[in-house]
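A, B and C label the chains in the order they appear, each numbered from 1.
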Amino acid sequence: MKKMIKYIVADILQSRIMIAYTIILLVISFSVFAIEDNPAKGILSLLNIILFIVPLVSIIFSTIYIYNSSEFIELLVSQPLQRNAIWLSMFAGLSLSLSLAFLLGSGIVILVYAWSATGFIMLASGILLSNVFVAVSLLASVRIRDKARGIGAAIMLWLYFAMLFDTLVLFLLLQFSDYPIENSVVALTALNPIDLSRVLILLRIDVSAMMGYTGAIFRDFFGSTSGMLIALAMMLTWIGLPAYISTARFRSKDL
Amino acid sequence: MISVKNISKRFGKFQALDDISFQCERGQCIALIGSNGSGKTTIIKTILGMVIPDKGIIEFEGKSIANDWTYRNDIGYMPQIGRYPENMTIGQVLDMISDIRKIPEKSLDQELYEAFRIGNLLNKKMGTLSGGTRQKVSACLAFMFNSKVLILDEPSAGLDPISSEILRDKILSEKKKNKLVIITSHILSELDDLVTNIIYVQDGNIRFHESIHALQRETGEEKLSRVITSMLRQEDAKQNGVQPKALKDQWL
Amino acid sequence: MLKTTQNIVLLLCLWLTAGLATQLLAGTIRVGKMRAIKSIRTGIGIAKSGDTVLVDKGLYREGNIIIDKPIHLTGMQRPVLDGQNKYEIISIKSDHVTVDGFVVKASGQSSMQDIAGIRIYNKRDVTIKNNILEDNFFGIYLQQAHNCLITGNKLRAHGKAEHLIGNGIHSWKSDSLTIKGNRIEGHRDGIYLEFTTNTQVRQNTSHGNLRYGLHFMFAHHNTYTHNTFSSNGAGVAVMYTHHVHMKNNIFKDNWGDSAYGILLKEISDSDIENNRFEANTSAIFMEGASRVRIKNNIFNANGWALKIQASCMENQIEKNNFLGNTFDVATNSSLVLNTFDSNYWDKYEGYDLDKNGIGDIPYRPVSLYSMIVERFPPAMILFRSFMVTLLDRTEKMIPGMTPEQLKDSTPAMKPVQL
């Protein structure tokens, strides 16, 4: 399995899209910090990139890669290998590659320009989000046989997590603004890994505003150590659950 | 060696296999024949564990293959379309599969590797290869580990005539080593002199499963294509009393 | 002519000599455990006007000490006056009193009376300096005091709840005070002025008080400079006052829903200049403020730099630096009666083609989402999401909800040099 992962990672890292992704991240991250004389503003600009590009590339790239590897996966299945091992190797290969690309593209720049707790949270968020969206893409591609529909589903999922979900939350907020809904909002955000990462960073860069009445509720929850641990646990669930379900489905999937 | 017992498989509304049973033994070379979508590939895939049957069991040397994967150590498989990760080199693919098989390099069967001159291409990326070269790589992988069973899905598709001939010789020599070979092919002529048994699959059922000698005797034909045509005519005549003339075109 | 001048000089000399003479004549009464006079009360009792009562170090539990004649009460090595949580410790009921160098601690507590560590009753020219006031209900209480100096005192209390603790320096109906270089911690309001006029509040530090670091009402013509107000429960609140001058102060770390760098309520004809507002939930909250000039201030890393309510008018906001605030300006009104000029906004994305240092297109400091958050505070949790960014961008291009006229037409391209 280790060797399989190694070859998959090597294969992915050599793909042009992956190299382009890394370089684009590097250029954007670097220019964001180079242009802004204030690292806090750099972090802010980078936040949007991490919440936007990283999930998008992770989910689309993984989905396409899985579909393009279907014959290769068949070949692997014909070999004396456990199906779990094959699927988890694909997952590990994709996760490692995308995390590495992010680390090289944005991580180093963050560490150089923003050596702070916020920077670390950002770095961790980027890596966790890469993994979450690889896991989600595995789930989509194991359930949908057709490649075009699978990629379509991946784009829809991304759109949902990146935009529709927030729109929905905003709608609910406005609808139920007469009720004390702050706690429900906290629970809601935990259902979206992108929001979870965003709120964790928001609590640091907009700490003054977040100390307002409702902000304080969010802060009390996510700002405490236990809150951070819960957030981390949620993120790991977002990785683990889709990975687990997709592996279970792959085990009985007809290729 | 491999016994398939009452296998059924449905893909949605489509009944791909309908209560199929057969038995294969060492030393046999079995041709799986049938029209497109008849279920040949599905049979191969169930044996390889790629497709999991709804009903029935498959035994490999007396043991059920359900939830087992070790039996595949004894199978060499050549897929119909061999596609590999684009940025892996041939060398890496061979290396990786060898690593999975955990067979020492000395006992690898390098015959096809040398015959196809794969050695010169080791650093080529899979994405840059022609279909034929990829087939050669697939063939190498199937025969490399001296497996007791060889399953070849359309082995000659995309191969040039010379390579086809090399592969055919290789199959023959493996057959002589008392191995079980299962082949599907559209080109019946290339199966002449190669196969010992024929399984004819139609609409998810086995129309017949006979040894080539029995068939030749029964039909009085020599060539495989003729044997089968005449077999099908006889069968249909027996069942319906009519002669469906379109059948021949279906697979020729 | 010459004669008159000579007379004046002569008179002056005489007057000076007389002054010196009283000084020299004034006696010193020493109080201490090892001395003949062991109690401060006795010391004060035998002192004459202008005398100095010099107190040795040690612990004095004398209940309420009343100073009813113009004397200097001076502590040597900070003697401790302990009110045993029962008494008002020093009551000043005479003009020209100085209290210098004591630790005044543990005054009584009452919800009926304003018991203080040191209290001035309707007197003038009192100096209270270099004292440490620990754990008192009210710290220094000035009641109708005039021309007094409160300087170099350190006040610390450990209030648990607002109604269980009084203010640090509390002034009511006073005039011409100087409150300078004091440090106040843990009281209800750090400095509280009511009906107090012509007063200078300088170089004080008001930190970690339960309610306001500085609080005044009906306190006209006062000047506040070089003070630091930090981490107070609700920041600074100034109300119903005109002609206030606030310069070179620092307002920072005032965090909370109703915490403000400064809350301006019904303030008019005032200046807020050269101050620094850092990391406050709201740096300045204005309600009913008019003709206030906010100039050359730095607003850095605040949640909201300015919250301007509909009732504000004719305020000028010019040449300030807005840096790294979550929201620069929020308002609940679409009517714009205040002017913004030549400020530096770090969120400004315009250009300066003619290179004159002024952006060529106006900056609109109110974002759509700040208005949504203003009305639905929990919406804050969606801030900086892609959807919100998109909303704000769209609004910037086609303003619909945000006040059209609220803009800085001459935004600075570089931070204003201060």
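Heads up, the rule we're going with is that a contact is a pair of C-beta atoms (placed from the backbone, for glycine too) under 8 Å apart; a residue touches a chain by one contact, two chains touch by 3 or more.
The structure presented is a predicted model; accordingly, all values stated were derived computationally and were not measured.
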| item | value |
| --- | --- |
| Closest chain to the centre of mass proxy, which here is the mean CA position | A |
| Of A-C and A-B, pair with higher C-beta contact tally | A-C |
| Inter-centroid spacing, chain C versus chain B (mean Cα positions, whole Å) | 91 |
| Centre-to-centre distance between chain B and chain A (centres being mean Cα positions), rounded to whole Å | 42 |
| Intercentroid distance (Cα basis), chain C paired with chain A, Å | 49 |
| Chain A contact footprint on chain C (complex, rising order) | 255-259, 279-281, 301-304, 323-327, 346, 375-390 |
| Complex contact set, residues of chain B against chain A | 9, 11, 45, 48-52, 69-73, 75, 77, 79, 81-88, 92, 95-97, 99-101, 138, 141, 151 |
| Complex contacts: residues of chain A adjacent to chain B | 3-4, 7-8, 10-12, 14-15, 68-72, 74-83, 252, 254-255 |
| Of all residues in chain A, those that touch chain C in their complex | 38, 40-41, 44, 47-48, 51-52, 162-163, 166-167, 169-170, 173-174, 177, 181-182, 185-186, 189, 194-195, 198-199, 201-202, 206-216, 218 |
